[in-house]
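Each of the two complexes below includes chain A, the first together with chain B, the second together with chain C.
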Partner chain A sequence: MAPTLPSGDQASDQDNWDNGRLARKRQLLTEIVLRNRLTALVVDGDTTCRVLEQLLLRSYGVQTQGVDNGRDAVALIASGVKFNLIIIDMILPVLNGLEATRQIRDMGVHCKMLGVTACSGESERQAFLAAGVDVFIEKPLDPEHLVPILRELDGQ
Partner chain B sequence: MMSLHDDRWKPRLLECEIPASNPKSLQISKPKKVNLRPHFLLLKFAFLPGFKYPVAKTGLPLWMLGLDADRLRADLNRLLAFLFHQGILDEQYLQLQQLQDESSPNFVSEVVNIYFHESEKLLRNLRSLLMDREFSDYDKMGIHLNQFIGSSSSIGAKRVRNVCVAFRAASDQNNRAGCLRALELLEHEYCILKNKLHELFQIEQQRLLAAGVRYPMLN
Partner chain C sequence: MAGSSTDPTQQLNDYIRTMHDQGILDDNFDQLLALRREQNPRFITELISMFTNDAEAYIAEITNALSLTEVDFSTIISKLHQLKGSTSGIGGHRMYQACCELRVAADDGDKDRCDELFLRVKEEFNTLKQCFDSISEMRRNIISNGTRRRRRRPL
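And now, the complex of A and B:
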């Protein structure tokens, strides 16, 4: 039987709960220490998602910058700014995520690119991978996907 | 694919599919035990003529107001349990709470307020598109809905997200009537979410205020 959430009156029983999945997520959230100073660019047209993704990265000590459209992302990379990680949404204003990813790769940028999207169809996944992202994730971005990537970038 | 007429859209008690949340993540950790002995000792002198003891406007000693913090914490947990049980929120909301700390104590309410602001713009845009008799730009509608799905997923607004997914399905089929029904449902679900989250934040604020008077300043 799936454990139920507590009511406010069952505070004394809560220490007996065992939630493997949420405990694991909390572990991932708290137990990573980066040795190197990593930088990331977050490209998302939605303010809520962009703010949250940046805050999640910063909670791990990653320095982040955010832009809200594909054209600004391409311009920033073209100006010579380097990032260890780029997190890019598929649907973006001005210049969409697929085209922005292609242009970034065409510039010779080989950093890790993480494609995130609210559309989780197989065709979207294939299109985004073909455009040049290394990993495709359905929103929301969570520690389970992010932490292994950060560890890899940190050389752990 | 779920139809918009499906009874599953009607609010109902859902079986809790969320794995048992670590209670510590839902519970606000109990405040440290306060040594009330000094306060009781002072009460010995409380009936002496001229004795001044700090009291609230209610006439109760200030230290007793701190007991409200426990009651409010219980209220908060009950409301959270309700929101999870009804499927209004999911575990992504807990992740948001875990990002909140002393350096950003209002983080969750600030992010949620951003979400409300952006969502209301999206709802206005969606309504404006559908109210246009000449409307045919389902691609534009799809873009708005993708954004709504993404932001709702990111804060754990499960029911709103699910309605947006069904809305997007209707939009993909160029089904205008279906989109109109979906919009009504979406506005309804969004309203519920907003009201409940406001209630949650109000209780949290009251709890923090009540917890703050547990340590009265004594002359």
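And now, the complex of A and C:
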């Protein structure tokens, strides 16, 4: 079912989108209601990607924090901050995603880790999974991949 | 309601559909539009601006790396990775494809091929920028039309 449109100057142009792809994407965005408050760390060196991933997570009610390099991600986890979900890119400044993932896992962190990267080769996929991510996703992160994971984390 | 060719919203719809047909935009751009509903009205404009600024910086760094006597393929691959990721997120399909092809050449350490394919990346970036400029302009028209209609409403 299509979501209720808010009032205001966005209503008329939203009403008039006749793109079936857009309607399907919008339905995916409203498909899930989380019962629990979930938190996620987004680790991506690119601002656009980091912002997009955080916005997508927030659209589902996930509280997010973002860092732009692997060293800061490891430091944040080492400081004791806990997350239900970590989304991490493979190629990162300072400390790359593979090594950052290994170090996070070596700390005994067992939360769900998604390797979301523009790298698409099988060797990259195997390397990221071997480093410790649970799921390898080629960018961009989309609801089709994210929603089932959020449901699982939410115990649905 | 059937839109006329002068209806700004219909014009924007038609323009985006054309961009899809030409392969300039893909479904990931549609996902941004769906996300927009959760955000502020200027979300798309701000995101496009963010993408454009970062992409220009990446392109400048790749240009520099390619111009070195000893080509810095490591930097090219690193910056290209980020450019590829943000391009896919924003829905720039043809530009993304161009980045993928350049990545192969960079992995092979083929400078001549890199030069050739990087030219295509820059061309597709310019095409995508023009597309986004047009979309932003049309959206501004829609918003200002909406503002004018609200002002004309009787109290």
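We adopt the following convention: the second predicted complex is superposed on the first by the 130 of 156 C-alpha atoms of A that agree within 3 Å, B and C clash if a C-alpha of one lies under 4 Å from a C-alpha of the other, contacts with A are read in each partner's own complex, and residues count from 1 in each chain.
Convention: contacts are C-beta pairs under 8 Å (C-beta built on N, C-alpha and C of every residue); 3 or more make two chains touch, one makes a residue touch a chain.
Since the structure is predicted, the reported quantities are computational estimates derived from the model, not experimental observations.
*Asks:* Give one of first, second, both or neither to describe whether A:V94 is in contact with chain B, with chain C, with both, or with none.
*Replies:* neither
*Asks:* Check the residue A:M107 against both partner chains and state whether it touches chain B (first), chain C (second), both, or neither.
*Replies:* neither
*Asks:* Of the two partner chains, chain B (first) and chain C (second), which one does A:L52 touch, if any: first, second, both, or neither?
*Replies:* A:L52 sits against chain B and chain C alike.
*Asks:* So chain A touches chain B in one structure and chain C in the other; where do those two contact lists coincide?
*Replies:* Touching chain B in the first complex and chain C in the second, residues 3, 6, 9, 13-14, 17-19, 21-22, 25-26, 29, 44-49, 51-52, 55-56, 59, 89, 91, 117-119, 139-140, 142-143 of chain A appear in both lists.
*Asks:* Using the touch definition from the top, list the residues of chain B that touch chain A in their complex.
*Replies:* Residues 15-27, 30, 73-78, 80-81, 84-85, 91-92, 94-96, 98-99, 107, 111, 114-115, 118, 143, 146-147, 149-151, 153-155 of chain B touch chain A in their complex.
*Asks:* State the interface residues of chain A toward chain B in the complex, per the touch definition above.
*Replies:* These residues of chain A touch chain B: 2-9, 11, 13-15, 17-23, 25-26, 29, 44-49, 51-52, 55-56, 59, 89, 91, 117-119, 139-143.
*Asks:* In their shared complex, at which residues does chain C touch chain A?
*Replies:* Counting only chain C, the residues touching chain A are 1, 3, 9-10, 12-13, 16-17, 27-28, 30-39, 41, 47, 50-51, 54, 77-78, 81-82, 84-86, 88-90, 139, 142-143, 146-147, 150.
*Asks:* What part of chain A is in contact with chain C in the complex they form?
*Replies:* The touching residues are 3, 6, 9-10, 12-14, 16-19, 21-22, 25-26, 28-29, 44-49, 51-52, 55-56, 58-59, 89-91, 117-119, 139-140, 142-143.
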